[in-house]
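What follows is a pair of complexes built around subunit A, which joins subunit B in one and subunit C in the other.
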Partner chain A sequence: MNKGYSLFVLLAVVLFAFAPVLVAETPNEATMGLVQKIFYYHVPSAMVMFMAALICGLASAAYLFRTRPGADRIAAAAAELTVVFGLIVLVTGPLWARKAWGVWWQWDARLTSTLLMWMIFVAYLLVRRFGGPGAEKLSAAMAVFGMANVPFVYISVNIWRTVHPTTAVIPKLPGGMRGPFWFCVLSFTVLFGLLLALRTRLEQRRADLEHLYLLADEE
Partner chain B sequence: MRRTTTTGMMALMVALVLVGLSGAGLLAYQAGQAPPTPAGQGAGQEPQDQFVPVKSLPQQEQLPAVPLLLTAYGFVWAVLLVYVWSIWRRLMKVEREMQDLSSRVAAAATRR
Partner chain C sequence: MPMFLKVAWLVMRKDLTVEVRSREILYTTVFFAVACVLVFAFALVKEGRPMDDAAAGIMWISVAFAGTLALGRTFERERHSETLRALMLAPVSRPAIYVGKLLGIVLLLLIVETVLVPLVGLLFHAPIGNRPLMLIALLVSGTIGFSAVGTLFAAMLVRARSRDVMLPILLYPITIPVIIAGVRGTAALFEAVPADELAQMWIALLLFFDIVFVTLSLWTFEPLMTE
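Here is the complex of A and B:
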């Protein structure tokens, strides 16, 4: 592990460990109370999920149209991260909703479209794992469709009538909430970058191993 | 004969899709068009687009929220730790396999 990478790990750990301390200091929200603090992990996770889905889709498009194996490795790593951060979004959201709305789940536009997008990326991983020869191309095409969902999920709260808070909540955040929120966004983004680098390295090493097996078979 | 069977199958599929769609439409009509009203929001009220901070929290608000909040934060930490561990484990497995293979290839080369 090189020095830059170690510093990156240290930064991610420090930021992520300090985030809950900062969140504890933030004021409570008037109508939702204490449970609104889930927002500081829920929304950054959603942002990172969108980021991962976009990276996966773009890398998959690069793999499909330019046949770049490196892009496919990045896409595979980003797809797994979309599923991981999507799972966080889909679990922390209902925990907040139980208190704020009185129910765990509503089949409204935002929640349903997020679930569908998450399921597309789960399908990507399943196809890649069990699809056999040529599964990489098939899954790459799925990722492009998964990426196309991102803008719809994002604007769904503004277009359709939904119980989910709108995207206007973030720009209108009051002073005491804005700082900790963007700090959490930063820590999730740094962590995402670190995990993406680690997971891409795993794909790279797997490709190296496959290449080594081929060389061993030839000899 | 085969053409007639294919056309018949297609007609049956179209009919099934139409029946399904009309069934779904009927169900949607019966369910009504009004969106669900969440707790704390009255009928006809617009979705919240701004958070308002307050200094103190009503007493009855405090207890029920704590388990949900702790579960959410605990879940995030648990998922991320398990995921980091899983990447590390998979990476170690690949590295081990590479070392084994390299030593096997080297041993075969010296035998030759």
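Here is the complex of A and C:
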């Protein structure tokens, strides 16, 4: 691991070590109290998940139309991270919902579309893993179609009553909550960047190795 | 453009000719859809009374399941005798081949639906005659949306390993909006007083879905089918 990565790792560790301290000091929310603290992990994970999904979709489109093998590696790494951060969102969400709404799950627009998007990326990984030769293209198409699908899912489930708070909450956060919240967002983004870079590099190495094997075979 | 339509027409006619001679996919798909409806009937009819809104859901689930089967079989046939490669080698535009395939599958599924919908109406006391034109609009636009994505994925999967499992895995998450719109729209039509406006909104959403996904498929078919 080179110096750049070590610095990055150090930064991520420091950020994540400091985040709980900040979160502990934030004022308790008036109605939900302590339960609301999960917000500092739930929302940044969701933001990072959508970022990862967007990167995966764009990289897949680049791979499909420009046939750049590098883009495919980024897409694969981003898809895995979408699933990981999506899992964090889908675990912290119901935990919070149980306390705030009294139920684990609601078929509300935001929840349903997040779950479906997560499923699309799980399908992406499944195809990649078990699709056999040519699976890269298949999965790339899955990512592109999955991206196009998100607004449709959102509109179609929006007819049911929405209980999930809208994103308009974020700019109106009270002073004591705003700082720690954006600190957590930064932590998660740094972690995401680190994981994406490492995972892409691993994929790159794998491709290089395969190439070398092929060369050795030819000789 | 006329050339494009001509190629699409020829591909569709070829598929339908093969189908008319064997009737394999039509018979098996219709039977499968009927079996599907019966299985649901055992699960969702209690003391002779179906659950509320069950009819709409069962209708669309059966369409989706039967559609998956038909898509798989259609391309299995092409794979079996290597005819898809021959089709791809033909000096015609690839999107035209896609459109031809899509039309063939849509037509097949619509024929299946003419059996399926009356059966659901019969077994689940669904008033299918309430707004026949709107029901047809829902079915046609929904079938096009489902088949648009399905045709593309099934065509890509021809070369893939474990294609039978992969097709539903890819297809269902992507076509969820079609299923939601289809089920909700049909349920609105099946109510004692049909909710016309709601159904129209769902038809509009389906049409919009069709436009976006057919365009996207035409756009990606060429790079995806290049080896």
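Note that the second predicted complex is superposed on the first by the 205 of 219 C-alpha atoms of A that agree within 3 Å, B and C clash if a C-alpha of one lies under 4 Å from a C-alpha of the other, contacts with A are read in each partner's own complex, and residues count from 1 in each chain.
Heads up, the rule we're going with is that contacts are C-beta pairs under 8 Å (C-beta built on N, C-alpha and C of every residue); 3 or more make two chains touch, one makes a residue touch a chain.
Because the structure is predicted, anything quoted here is derived from the model rather than measured.
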Partner chain in contact with A:Asp108 - subunit B first, subunit C second, else both or neither: first
Touched partner set for A:Phe152, first subunit B, second subunit C, both or neither: second
Touched partner set for A:Leu7, first subunit B, second subunit C, both or neither: neither
Contacts of A:Tyr213 with subunit B and subunit C, given as first, second, both or neither: first
Which of subunit B and subunit C A:Asn28 touches, first, second, both or neither: first
Partner chain(s) touched by A:Gln36 [first = subunit B, second = subunit C, both, neither]: first
Broader residue contact with subunit A after superposition on the shared chain, subunit B or subunit C: B
Set intersection of subunit A contacts, subunit C complex versus subunit B complex: 157
Subunit B to subunit A touching residues, read off their complex: 35-36, 38-41, 47-58, 61-62, 64-66, 68-69, 71-73, 75-76, 79-80, 83-84, 87, 90-91, 94-95, 97-98, 101-102, 104-105, 108-109
For the subunit A and subunit C complex, residues of the former touching the latter: 64-65, 67, 116, 119-120, 123, 126-127, 130-135, 137-138, 141-142, 144-146, 148-149, 152-153, 155-157, 159
Parts of subunit C lying in touch with subunit A, wherever the complex brings them together: 149, 152-153, 156-157, 159-162, 165-166, 169-170, 173-174, 176-177, 180-181, 184, 205, 208-209, 212-213, 216, 220, 223-224, 227
Sites on subunit A touched by subunit B in the complex: 16, 20, 26-39, 41-42, 45, 84, 87-88, 91-92, 95-103, 106, 108, 157, 161-166, 168-169, 172-174, 176-177, 191, 195, 198-199, 201-202, 205-206, 208-209, 212-213, 215-216, 219
